[in-house]
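Below: one structure in structure tokens.
Should a chain be cited, it is by its letter among A, B and C, assigned in written order, with residues numbered from 1 in that chain.
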Amino acid sequence: MQFQLPYSGLQWSDLPYVLLGVWNTLILTLAAATFGTLIGAVIGWLRQDVPAARVILAPYVDVTRSVPLIIQFILVNSSFALAGIPLEPLWVGVIVLSLYMGVLTSELVRAGLGAVRFQLKWASRSLGMSYWQELRYVSAPLALRTIFPGWIGTVIALTKDTALVSVVGYVELLRASQVLINRTNEALLVLAGTGLFYFAICYPISLYSRRLERTFQHD
Amino acid sequence: MFNYTFYWSIVWEKFPELLQGARVTLEVTILSMIFGTALALPLSLWRRAEEGVGHAFATGWVELARNTPALFQVYMVYFGLGSLHIHLPSYFAMVAALTFNNAGYLAETFRGGLNSVPPQQLSAARSLGMSAFSAYAYVVFPQVFQVVFFPYVNQLNWALLNSSLGMIIGLRELTGATQAAQSESFRTFEFFIVAACIYYLMAKAIETLAQLASWRLFGR
Amino acid sequence: MIEIENVRKSFGTLEVLKGINLLIEKGEVLCLIGGSGSGKSTLLQCINGLQSIQDGKIIVDGTNVHARDTNLNMLRQKLGIVFQQYNAFPHLTALENVALAPRVVKKQSRRDALALAREHLEYVGLGSKADMKPSGLSGGQQQRLAIARALAMKPAYMLFDEVTSALDPELVGEVLDTLRKLKVSGMTMIVVTHDIAFARESGDRVAFFDRGVICELGPARQVINDPKEERTRQFLQRVLH
């Protein structure tokens, strides 16, 4: 027997649901970007300046980059469930994406610090500055110029990766739109709107980042 | 805390299904990279042209690929085309979506590679009497190749990992196969840890091959 | 006084300094000449602790540079050093470049540090460039900026590591003029240089380095005009064709 579910059209009452998706996407991005940047800054510095740390952190960096995010979400979710501490999907997302962003940021920080010419570090230390003074007044400001455009790129990538947290039940924007598609069968319309949202956030930021990169080239 | 006994033998039983999934993963990855590379070549040339229809088209493609989630692109191919009554099986939809994405990113990579070769190289080659074809083949291309090699391998790695999105549209690549395999016993953790290891090995294999190729080709 | 006693330095298996002995008195200008890789720059870097040594000792005003309990940050305030290139901090103006260390290391107030900086920029002839970033300065001006910056810490000794080697020829003169000015003011200077003419005319003593040892050491005019060692003679012949 053919069983056909009736499709209802898109209605204005769907808007709150979509906005919930937007909101969830944004807070997840914000939280993961904040923690991820902090983690990444520390790890990047450690990997650059502390040889022992490189060995210890290598497995973490390696694994995070070689296992799909979907699987990382599922595993973290499952681990916490097994340990008897069920986590909200938002926190599963924050944990995994922060660690992921931490790895990406640490690559940038490491490269940025490494790009500072050694003569500048020598000159600073020779003037009597301590290691931390040199880092704070010379290496870090210079490294930031190269790190910043790349960092913006990772934030953009993060925004897009939030879409995957839906596998553990987080209702971010893409998931919300999928639900709407199932109900209304207006795939193209819903997707166009969703795509526009992501595009509207990511594209201007990436343009800004490219412009920044060009100004830093001139110094 | 851990009132849980790990039950590995069930994973072992279903292991062939996982391997079959891994095979699908590799197929989808490699196919999407081949098609993506083929498309990226003209796209990158159009991008280098300052204006024209080709340039606009290529720019649209590249910016769309880079500024929307990969999953969105998968949905567009699977559901979006579906509402135009073009129902692609998930295998083809996945390859198509990944191809679209690969082409976009690789176009930019190739463009960067072409830009990195100083125009004097071409002039010097032509001044030595080489034809345009020879100049490009023997002087420009090898340099471009060296510059884009590692970004290219990165993209390959990305494609491998993002093939896992296939699970969401019902494709039995590795993640999808794992999801199906664990749905009876609900041993989520055990199954997915094994899947994670398989991905890790595949990613490492690619990295090692790339490193070997790099030593052979570039000496470093 | 800087006492360098039997110093040996290796980079891995490569021995770069094979037993250096030198005594530098206050107020003298000692020039180090020699081929690339002869160890002269490395010695300079050992004097202010940028490089470790495997044997021997270096004592600056009674402090052993490489002793475990030596406060290097404090010691380095006595030793100013200027490198061949990439000295100037690119993200700061000339004024900020010079004022940074006095402010941060000597804890001077911002106002005092800036006044001090201006004074030293004037000394090297960069008074009008105080608010420029290094990218707006010529190579010679950047080197003079580095000298001003080192002088602002009121060091007892100044070390110069081939400071004119990377400059376009027409910019060399302004930097050498600054060095001559410093000599007249009585600064103790160790100058690693390829410029034999400068060594002869401004150096009090000259040390010729050859493959990690001091082959010849003596009054500047004598070593350059009338060297005692054959190797010195050969080197000077090649350089002064």
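Everything that follows uses one rule, which is that a residue touches a chain if its C-beta (ideal position, glycine included) is under 8 Å from a C-beta of that chain, and two chains touch if they have at least 3 such contacts.
This structure is a prediction, so every number in the text was calculated from the model and none was measured.
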Pairwise touch network: line, ring, star, complete, or other: line
Selected interface, A-B versus A-C, where C-beta contact pairs are more numerous: A-B
Distance-to-centre winner among chains (Cα means, whole assembly as reference): A
Whole-Å separation of chain centres (CA-atom averages), chain B against chain C: 54
Where chain A and chain C are represented by their mean Cα positions, the distance between them in whole Å: 47
Interchain centroid distance [CA atoms averaged], chain A/chain B, Å: 20
Residues of chain A touching at least two other chains: none
Chain C, residues touching no fewer than two other chains: none
Complex interface listing, chain A residues touching chain C: 117, 119-120, 122-130, 133, 137-138, 141-142, 145, 219
Interface residues, chain B side, partner chain A - complex: 1-4, 63-64, 66-72, 75-76, 79-80, 82-84, 157, 161-165, 167-168, 175, 188-189, 192-193, 195-196, 199-200, 203-204
Interfacial residue positions of chain A with respect to chain B in the complex: 63, 65-72, 74-75, 78-79, 82-84, 156, 160-164, 166-167, 174, 177-178, 181, 185-188, 191, 194-195, 198-199, 202-203, 206
Residue ranges of chain C in contact with chain A within the complex: 45, 48, 50, 72-74, 76-77, 79-81, 83, 85-87, 89-91, 100-101, 104-106, 133, 135, 146, 149-150, 153
